[in-house]
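Report on the structure given below.
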Amino acid sequence: MTIACLLVIPLISGLLAVLSPAKRFLQWVFVSGAALLAGCAWALVFRTAGTGPRFEFGGNILLDPLAAVFVFLIATVGLLSAVYAAGYLFGESDLAIPLVKLKRYAIFFHLFLLSMLLVVLSNNLGIMWIAIEGTTLASAFLVNVDDKKSSIEAAWKYLILCTVGIALALFGIILVYYSATSGGGGEGQDLLHWSVLLSRAATLDPQIMKLAFVFILAGYGTKAGLAPFHSWLPDAHSQAPSPVSALLSGVLLSCSISGIIRFHILTRAAVGGGFSDGLLIFFGVLSVAVACPFILVQGDYKRLLAYSSVEHMGLTAAGIGFGSFFGVYGALLHIVNHAFTKSLLFFSCGHILHHFRTKEIRGVRGLLKTSPFLGTVFFAGILAIAGLPPFSVFVSEFSILSGGFASRHFGATAAVIALLVLIFAGFVRHLSEMALGERVREPHPSRNGWMDGVLWIGLFLIVSLGIYIPGPFQDLLHGAVRVVEGAGG
Amino acid sequence: MTGAAWMLPALHFVAMLLLVTSLALIVSPQLFACIRFYALHSFLLALITTGTALYHRVPHVLIAAVLTLVLKTIVIPQIFYRMIRRLGIRRDVETYLNIPLSLIFSTLLVFISFYGVGNLRAIKPPLSQEFVSIAVATLFLGMFMMTTRKKALTQVLGLLLIENGLFLLGVTTTFGMPLLVEIGIFFDVLVGAIIMGVFVFKIRGAFEGLDMDQLTMLKG
Amino acid sequence: MNLAGSLLQGLVLLAVAPASGWFIKKMKAASQNRRGPSLVQAYADLGKLFRKNMVISDQASWIFHAMPIVLFCSTVIAAWMIPAIGAEPLFGFLGDLVVFVYFLALGKFFLALAALDTGTTFGGMGSSREMTLGSLAEPAFLLTLFALAYRTQTLSLSGMASRLSAEAPLDGLYFMVPAFGAMLIVAIAESGRIPVDNPSTHLELTMIHEAMVLEYSGPYLALIEWAHQIKQLIFLTLLANFFIPSPALSVASPAAALLAVLIFAAKVLSLALLVGWIEIHCAKLRLFRVPDLLGVAYALAILSMLGQLMMGSWQ
Amino acid sequence: MKTLFLLQFIFYIFGALIPALSGKNTRLASAASHLAAGIGSMLGLACALFVFASGIPFEWVFPGEGVFGNLTLRLDRLSAVFLFILSALSAAVSIYAVGYLKDHHRDARFLGFVYNSFICSMALVITAANAFYFLLSWEVMALTSYMFVVMEHEQKESRRAGLLYFVMTHLGTAFLMIAFLALFLNAGSFEFRDFQASASALAPAWKNAVFVCALIGLGTKAGMIPLHIWLPEAHTQAPSHASALMSGVMIKTAIYALLRFLFQFLGEIEAWWGGVILCAGILSALIGILYALMEHDLKRLLAYSSIENMGIVFLGIGSSLFFAASGRTAWAGFALIAALFHSVNHAFFKGLLFLGAGSVFSAVHCRDMERLGGLIHRMPATAAFFLTGCVAISALPPLNGFVSEWMTLIALFAGMQFQGLAARFFFPILASLFGFAGALAAMCFVKAFGITFLGSPRSSEAAQARESDGWMKAAMAVLSAGCVLLSAGAGWTAGILSRVAADLLEGAPADFLPSGQSVCVSGPAEMGRFMPAAGLGLLAVLPISLWIWRRLRLKQLKVRTGPNWDCGFSRITDRMQYSATGYSKPLRRIFSFLYQPLRRVEVEDEGHVLLRTAQRFESRIRPLFEEVLYRPLARWIIGLSEKARQIQTGHIQLYLSYILLTTIILVLVVRLL
């Protein structure tokens, strides 16, 4: 089981999707590819949890606990999303789409997975950048599967804004490289290697590194949906088909955060504490603050979730910025929790869209009465994302906030807590409109095993992780925290 | 290690020209003029690349110079011309700001980039000092251009300007990234351009025009 | 001996109660140039009621039957908590001052409930008004009691009475006058006299206490009336023992007991005179002016409290 | 004992899962689920009593490493008091629920799940010895109670109440979280034990900040004015058996946590804390009961009265703090015992009253008192139990409410021994206002009982009410017995509570209650003494002999039943009775500055005033806190959000300019740093 498998499997699945002649075969390839990938990823991640970092491809690929957390995430949510899509888009319902588009969907889906894996696994900063740009390009098509006006608009904005953002990031990377080369290290490929740079952090010029971090923060921050770079996010996430939204919101954003984390580690090593931490906290809190009014007053439930992603990315960034064990641990756990919860929510949004034919909050009433199962999942999901126990997000939020206090960022932490209350209010407000109340539509008879199964699993995940974090996963997180905090790695 | 003494002032001069071209690109009211200025900009970039290659004696940078010359001064402008003809786009550039205001903001941006990046101490090749600033300026100007233009196509042009800025920075400070990365970036940019092209056509199909004001259904 | 004295004191209070009501009536009659009833009449009325047959409303529940007993018992218990002729009260103990208030409240609670029991309009009206005025009188009453307790440094009613009567009359004037005023108003309100309530009217819209017991007759009514008279006497007794200076009373010997009863009667009668005088010279207040009166009582209580805090010799 | 303790939770979890696992028989599943909760409660009760008896706290640590420390459950005396409250009440409520949910709840199974989770979470809140797990169970408690509130979510009021409740309680949690985080910063761990150990190291500024945060956070849960607005709504909307638990136990968990904060986590006590809590307490007591009086919804009335009672508990705690801060430990203990005692008492009588209200509701399907009346004839047992609760809550002797209110009053009176005019004056004023609140409470419950159960029925539903079934009656009987026992055994109870107070105050329990067993002990110094035995005997003998006399007398006399006296006019009809609104009319006029009543009379006539065909009267009071405080705030936030939302116009150019501007600013920041 090598890392190569991770990269080859989606490639092959994509290829097979191109070649597949019929819908059933395509569906089979689509799902089994994701399943195989997930299997490989889990095996790899938990087998290497205890061991040190593994380099491959001439040091271009690095699997350390930090990367492993993200690999785990991509593979798991990828699988869920694939299974869900198998019911959602490939099913017999009227949401299903023609074969050509399905094919395109399957291809780009797997390419998307590939590029995301590459983002988190690459040790080479340049390759990481390429992969991130790759995710944009691959997912732009996924956002616009149905060629509706609004989808095109969303995809276009997504494309343009992320490309500009990513250009800024490249600017930063060049500066890093420049700092490395001018720091007396000569030239060479390995000067773009994160691990190498980290070991020579002392020779990097602090001023240039600061400048570089600023650009990278702006660039990857755009991808990660940190305010005020987030403007594309609600559009893209609300227009994409639900399984894609789940991937975009749950995983893609986190991948960009992983990029930011890597640079943050580097910058901190070169510049010392206080700079990148401060920026991360600032933008983290700002993201939460910016998301807040949009969650309080919102007419579209998918956009509601999208803004909540902005909020949660902000929280994650703040957690990383807070530092200390609890901050970082919380942030990493939060990434995982948010991914599971948010994808569950987007999946259930797919269901809701199916039932109610509208994305408007006003159009959805009495969900619990209309469909008790779906209503319960949605109810639980919204409460979970709003940070209520016994769901997992609460644990990570609490950890992040503890980190804030532990690192004595009282103002920022208090602000976050206040904003979280408002956001909670917003969510409960919308929830009590959507989920509660008298039934307005006939109960929907058609049940899809694939889709319901995914919802069950998602529900199980967010509840069980909220109550108990299994040992191996705990070890993985601790390892990742050590990487970020710089104690071994 | 370094080249002839005359090259330095010459490079300074070309750098200044590059800036002026960027400004011209931003204020020019005509689409074709824009493209021409872009071609000029790319040409000057190629010149600087060549100059850097010669001055610092790094021959592999010459390849980049040649590529720039071919791709950016010839191929991309040609593609643009064709697209404009095929899509039947109106040739004047619609902006949110008038020319004097644009100029004022642009020069302000240039100043900010010189001021903001001017104090980097550890810059090794002395030439790079100003090129970092100019690259940042180009980056900002490109983004500024994107923010003030109404049409999709001119926005893409702004993106290309940003890309030029990146290229400038990469070439003049680090003499290019490692090959693998360079190829990857190149490939990405290419695919990106193609995908954007596809979307330009889709937008045209769906919205009957490329005016970005129409693409404001999603808000709030 | 101790217990016998206490019992005697308790029985005296029960026995004298009708007489105190009679005295006020008699006084009023005298002021109106009427002869008024004789003292026997007060007891004869009660006796007659005890013997009469009853009409009970068909709406009545067991609350209706229980109320007279609860009311009577709670009033009697309250009466047996207060010092009257110098004996240790039967239920006296430290902290009884609060308990005393709550036992009175228990009776009132059931009285108000029984008024609602039969579902008549008057019953509800009386009940509502009684509870409203009762609760408004409460803070003034408590604060006065606390002020007195603070001055005497004890929470026992009998202790308070004995210490107050041991004081030199002039010493506490600054304190006693407002406290007396407050307590008097509370006493008038609680015992349902003019200007708060008119015990002798059955004019529908002005009555309070009478409205509540409109459905009662016979022995029940007797118990209620008696309880009411006891309550009235309780307040007079408190006023008398707290505010009218007198030699220390005791029940150590029969002779002393007799003297004590006489002194007690004199004090109560003089207060009854005051109450009667007020009744003669005041008109009944409108219901919504009564809170103002009780507000005055509260203000007086605060004044006495403040006076004690600032000018008090103690501490 | 440990097994017993854990078994309790297992029963709750089991009870929560029964409905999910069982088959089609909803009624059986629901009954089994609630009975499982009942058994769990019995076990909890046993544990609490064991701790009282042995005095040994015990604890259980979940094996395994947690990031925030291990899940530790500790049952010390303070926890045991509240576990006792929880278990005793939930045992009764579980029995009640079997009957209550029998016919008129289609969600009975779901209710079983929520019910068990609710109790379980409360038990965890009370026993958790780690801030993280405390908060976790605290929030689960909020969630499950929210589910109760929105159980009838087809109705708009239910959803509204749920939203209000959930948001308010979350707001409280946020403050609580800040308080805990500050303590964590000081102690370096989340364990309560460490909080306590490092309490003395807490800087004064932090100490005060933590106090404020904890008070706001917990005050929200406790329904402290002005944070109370959720309480009447939520308690009204929840099913009655849940309301009983919410009112009887859930809001007490806030008291529990507050005591932990004040006496254990915060080190040296400051006097001004006591002042703040006293002010909040008297405000809650007065305003709570004044609002309760204006209600004609039976459950809302009870809910507002909960606010009053929490105010009384706060008065006890506040004066205890005052005493403790000035070193008068004995009095501090006395006041603390009063507060704890009242918490216990309130659980019993308020639980009883809510169950009674539930019985009324399930018999009449109506909570509006204007449509009730005369139920004492059709539901005699329920009426008797409800009356017991009313007497107890009105603090009338001889029931339990009286004992604790009396102790509180004495504690307040004792406050006069302080130096300084302000404090000396403050306490008697508080005491008199407290007495005022008590008198109003009596009026309130005369109204509640009188209008609901006495008189004649005001609607046909009320006229056809049926008595509750055996389960419900049994539950109410248990709680009524509890009220009596707590009063009769007040001495023992106070003795147990004095040991709790001793734990918190580090003093000897004997100081707090000098003569041990007596109810009538008014505190330290010379004050303790037994009530004379003769008097005690008479207390019982007098009413009994009078009752016997009454029986004999009634036999001798001719007793006639007849219609009410109608003053010689036409027959009195049911509609002429005093209404609930009318009953509190005098107060509405007297306190119009608080209520700001609005009244509207609509007259329909046929062209002339005398040809009146219909007249409609509407009277309501303005909810002051909502209209002055909360609604403007909410409106302001929403308005601000609306404005803020304009940054997302849909123009890509604008979005780009955000990126550009931010980048420029960042570059400048780097330059200038």
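Labels A, B, C and D are assigned to the chains in the order they are written; within every chain, residues are numbered from 1.
The rule is simple: a contact is a pair of C-beta atoms (placed from the backbone, for glycine too) under 8 Å apart; a residue touches a chain by one contact, two chains touch by 3 or more.
Bear in mind that the values here come from a model prediction, so they are computed numbers and not experimental data.
Annotation of subunit B and subunit D: jointly contacted by A, touch as defined at the top.
In this assembly, the chain whose C-alpha centre lies farthest from subunit A is C. The largest tally of C-beta contacts between two chains is found for C-D. The distance from the centre of subunit A to the centre of subunit C, with each centre set as the mean of the Cα atoms, comes to 78 Å. Inter-chain spacing, taken between the CA centroids of subunit B and subunit C, is 99 Å. Distance between chain centres (mean CA atoms), subunit C to subunit D: 35 Å. Centre-to-centre spacing of subunit A and subunit B amounts to 31 Å, using the average Cα coordinate of each chain.
Shown for subunit B are the residues in touch with two or more other chains, namely 117, 119, 136, 143, 146, 155, 215-218, 220.
In subunit A, the residues that touch at least two other chains are 156-157, 160, 164, 168, 207, 211, 234, 294.
Across the assembly, subunit D contributes 645, 648, 652, 654, 656, 659, 663, 667, 670 as residues in contact with two or more other chains. Chain pairs that touch one another: A-B, A-D, B-D, C-D. The touching residues of subunit B, counted against subunit A in their complex, run 117, 119-125, 128, 132, 135-136, 139, 143, 146, 152, 155, 159, 162-163, 165-166, 169-170, 173-175, 177-181, 184-185, 187-188, 191-192, 195-196, 199, 202-203, 206-207, 215-218, 220. Interface residues of subunit A facing subunit D in the complex, by the touch rule stated above, are 156-157, 160-161, 164-165, 168, 207, 210-211, 214-215, 217-218, 222, 228-229, 231-232, 234, 275, 279, 290, 292-294, 296-297, 326, 329, 366, 368-369, 383, 388-390, 394, 398-399, 401-402, 404-406, 408, 413-414, 417-418, 420-422, 424-425, 428-429, 432-433, 436-438, 469, 474. Residues 3, 6, 52-63, 65, 69-70, 72-73, 76-77, 80, 88, 90-96, 98-99, 101-103, 105-106, 108-109, 112-113, 115-121, 123-125, 127-129, 131-132, 134-136, 138-143, 146-147, 149-150, 155, 204, 214-215, 218-219, 223, 287-288, 291, 298, 301-302, 305-306, 309-310 of subunit C are the ones touching subunit D in the complex.
Put simply, subunit A touches subunit B in their complex at residues 60, 124, 126-127, 129-130, 133-134, 136-137, 140-141, 144, 147, 149-150, 152-157, 159-160, 163-164, 167-168, 170-171, 174-175, 177-179, 181-183, 187-189, 191-192, 205, 207-208, 211, 234-235, 238-239, 294, 298-300, 303.
Residues 65, 67-68, 132, 135-137, 139-140, 142-143, 150, 153-154, 158-159, 162-163, 166-167, 170-171, 174, 177-178, 181-182, 184-185, 190, 637-638, 640-645, 647-648, 652, 654-656, 658-659, 662-663, 666-667, 669-670, 673 of subunit D are the ones touching subunit A in the complex.
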